[in-house]
């Protein structure tokens, strides 16, 4: 299992680097080298580490461990082909990590980040629409069954396109620099990560790399079905590039606008599911 | 659509509405009304299940009316629980009458509710025995709610 | 004796606890949620609140908000109650029991923030409380409709394929949990979280997210 | 039964639409509290329509949830508005001198006889009524401790039912007494919470 | 079926309308109007012979009336 | 019970139902709080016989005791408005 985790982390960090590079090139800047994020993480691991005096110390540290823990668990669920409900449950719990991270420090910037994170919790809702749609088609939420269904009938991307769009929006809202990334927008310094330095930051970088890897991987598995590893990675990269394009071109939305946009997505997908449910039933 | 000063696009107007704290209850109510209206159209398709748990049987001649469920004290009686096998002493509470209530029951046919509310009886059977966890949750809610009220009330001094 | 009718949604069951008619259970999924709730409940007990720093804009002054011990004790008690209610909701195997625990979560959430004197926090708590109260209509309504149309409240029966739960009851259930846990109406909750006392305030968030995860499982399984 | 149920549901749904529409229109916060009380009635009506003993057993917890939330919310409202001052006594009618002792006694006595939730509520209203009319000395802490112990007693009774069901008889008696004490205690505390010189 | 049931739902609906849109829109009128749907619910419970629930409901309604009165009188005093 | 007697009681039932309904309408339409309270009293007068008819005397007694208490509680704020 540990080899999966290390592989996932490294690929995830690499993806973050590529993401930054692509955005920079689109915007006409040279940008950092693509392995920059890996170096970053290594650098943070050896820097001085401290806990702010105003922080709620236990929570401040615990949150980092929880972040790594849940995303490792998510990867394990994916690899062992468990229930995707569990996977998305973990995704929801990530919200708590973001929130706890910001609030625990006592810093006003962290607090703003945390509050925005709570506010934008509507971004999780399309996820359930996705789960519902997949269940309607496959009759199961175990990844094994979903993969088997796709081998038999063809990729879900065709059958449940709106659900795929919903998941895409969800992934988009979790990318750095995305139009929905209000919790780490620059007017509040680094948002909820402002006070986490040194080893804590390195831990968070690892967790977020895993997160990116897991989300992209899940998208491929859920909507394209079983593919050989190299093809999976290639598709993930393509997906990432499309996300980077959007991130590069779109300005960041104002906090409440992101909520509205995400809720509207949710509403549309919900209507779609009710229609599909009625037709299939 | 046209942008006008101070109004913004349609989306930002929606955003402004949902960001107002005072609109919260109204928003929820609108959502609920919408669901209820849709639900009202599906009403004819709802079927009342005649085969219910703990059905009511009315025996107007009994002094325990409307809660006459049969049985003799310290013995069991027929009760339609969900999982009778989980409650080995099912029916004992239903059948039990305290001496006081037994006395009342022997003398007047009109106090069935009082008799059954006194310890024993079908409702106690459900509340304490078969669905005791509900009562745990419920008394805890009262406990917590009162703690909030008392804390707020006494904080001023 | 108890066999979960569907295992394709949340994985196999681990074990059951029987309380008369209410049979609670753990599957891989609910056990994971339960563990998470437990983790944060423990966290609430052992950690101390942070001291929020506020910046006075227009100058370079800043000050920290301190939480008084009495306030902290009350908040901790509420957070603990909230944690317990969440644990109850996670393992519940009965629809009505689940709704009761849900409303308990709603009320403890109000309690966690009600400890503060700041007017905007109290206002948020109040508006939230109003929604939590009216949400009991869809919440209990859904349990009642389920009981009337299927003749049972136990999830063990409802999850089986022979019983069709009306759509309106499902939607009511989701709507009710949304009201108690404030799922899409995060606006008030965002205001609430401005209150100091991070570990306790975090509990509000933990509880409502977990509730939502649970209700999705219930609704899909039914 | 079939048609009756559908008809009942239709009536309740209609009421829901009317009542919640008023909530949409409402802007005053105190009016909102009043409307939530209306919502409570509608929720109970939905349960009552099931018409079995089980429905009745569900109504009792539902009622207590409603009154608990109302209590907490109204207190939050008072603190938010800063209305913590005791209003001057504004009404004193003759019946408030003569009635309370006998009426309260009857209600409390009947409540104790009933035991359980129902008894707790009936006895609670008796105590409240007495406090309103006669004023009260502060016995807050004692009541609170008492009802705390009552809660523990109920939990004990619950475990008797779960773990040693052969002692169900003690379970019933403990539960009946504990819940009576708990509910009545909490409710009567509401009566003393109107505030006064000796708070 | 029974007179009580039909009377009950009629009173419930009328009462809800009255409580939702009280005519002089004051706290007091709304508070009093709230009693009307309560009677409707009481009749519905009576028609299904749920007397214990009925008894508890009427007692709890009295208590919740008191809780609201407590708020209203302070609001009036302010 | 004889045939005629049953009919008689049934007629009475409808009469009481009518009283309750009149009470409802008047309580809903009156504007003065005191008039409203009287309307509520009329509803009670119509409903109590229905309870008694079903044979639940204890319930009827309890309701008869609690309803005045509610009215007195409401009167606490009524007076203030009238002043």
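Each chain carries a letter (A, B, C, D, E and F) given by its place in the written order, and its residues are counted from 1.
The working rule: a contact is a pair of C-beta atoms (placed from the backbone, for glycine too) under 8 Å apart; a residue touches a chain by one contact, two chains touch by 3 or more.
A quick note: this is a predicted structure, and the numbers were derived from the prediction, not measured.
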Smallest number of contact steps required from chain C to reach chain E: 2
Chains contacting each of chain B and chain D, listed by label: C, E, F
Chain pair, most C-beta pairs within the contact cut-off: B-D
Chain at maximum distance from chain D, centres defined as averaged CA atoms: A
Centroid comparison with chain B (C-alpha atoms), farthest chain: A
Centroid distance [mean C-alpha coordinates] between chain F and chain B, Å: 26
Chain A-chain B separation of Cα centroids, rounded to whole Å: 41
Length of the line joining the C-alpha centres of chain E and chain F, rounded to whole Å: 12
Multi-partner residues of chain D (each touching 2 or more other chains): 5, 9, 14, 16, 20-21, 23, 32-33, 35, 40, 42, 44, 49-51, 54-56, 58, 60-61, 64-72, 74-79, 90, 110, 114, 117-118, 122, 125, 132, 161-162, 190, 193
Multi-chain contact residues (two or more partners), chain C: 19-20, 96, 100, 103, 107, 110-111, 114, 123, 130, 134, 137, 145, 147-148, 153, 187
Per-residue multi-chain contacts in chain F, two or more chains: 56, 59, 62, 66, 69, 73, 76, 78, 80
Contact pairs between chains, per stated definition: A-B, A-C, B-C, B-D, B-E, B-F, C-D, D-E, D-F, E-F
Chain B-facing residues of chain F, complex: 55-59
Residues of chain D that touch chain B when the two form their complex: 1-2, 5-6, 9-10, 13-14, 16-17, 20-21, 23-27, 32, 50-54, 56-58, 60-61, 64-65, 67-69, 71-72, 74-76, 78-79, 84, 110, 113-119, 140, 144, 147-148, 151, 154-155, 157-158, 161-162, 165-166, 168-169, 171-173, 175-177, 179, 182-183, 186, 189-190, 193, 195, 199
Touching residues (chain side chain F, partner chain D) in the complex: 62, 65-66, 68-69, 72-73, 75-76, 78-80
Contact set on chain C toward chain A in their complex: 8-11, 28-29, 32-33, 36, 39-40, 43, 46-55, 64, 183-184, 186-187, 189-190, 193-194, 198-199, 201-202, 205-206, 209, 212-213, 216-217, 220
For the chain D and chain E complex, residues of the former touching the latter: 4, 7-8, 11-12, 14-15, 18-19, 21-22, 30-31, 33-35, 37-38, 40-42, 44-45, 48-49, 51, 55-56, 59-60, 63-64, 66-67, 70-71, 74, 77-78, 81-83, 85, 87-88, 90, 114, 117-118, 121-122, 124-125, 128, 132, 187, 190-191, 193-194
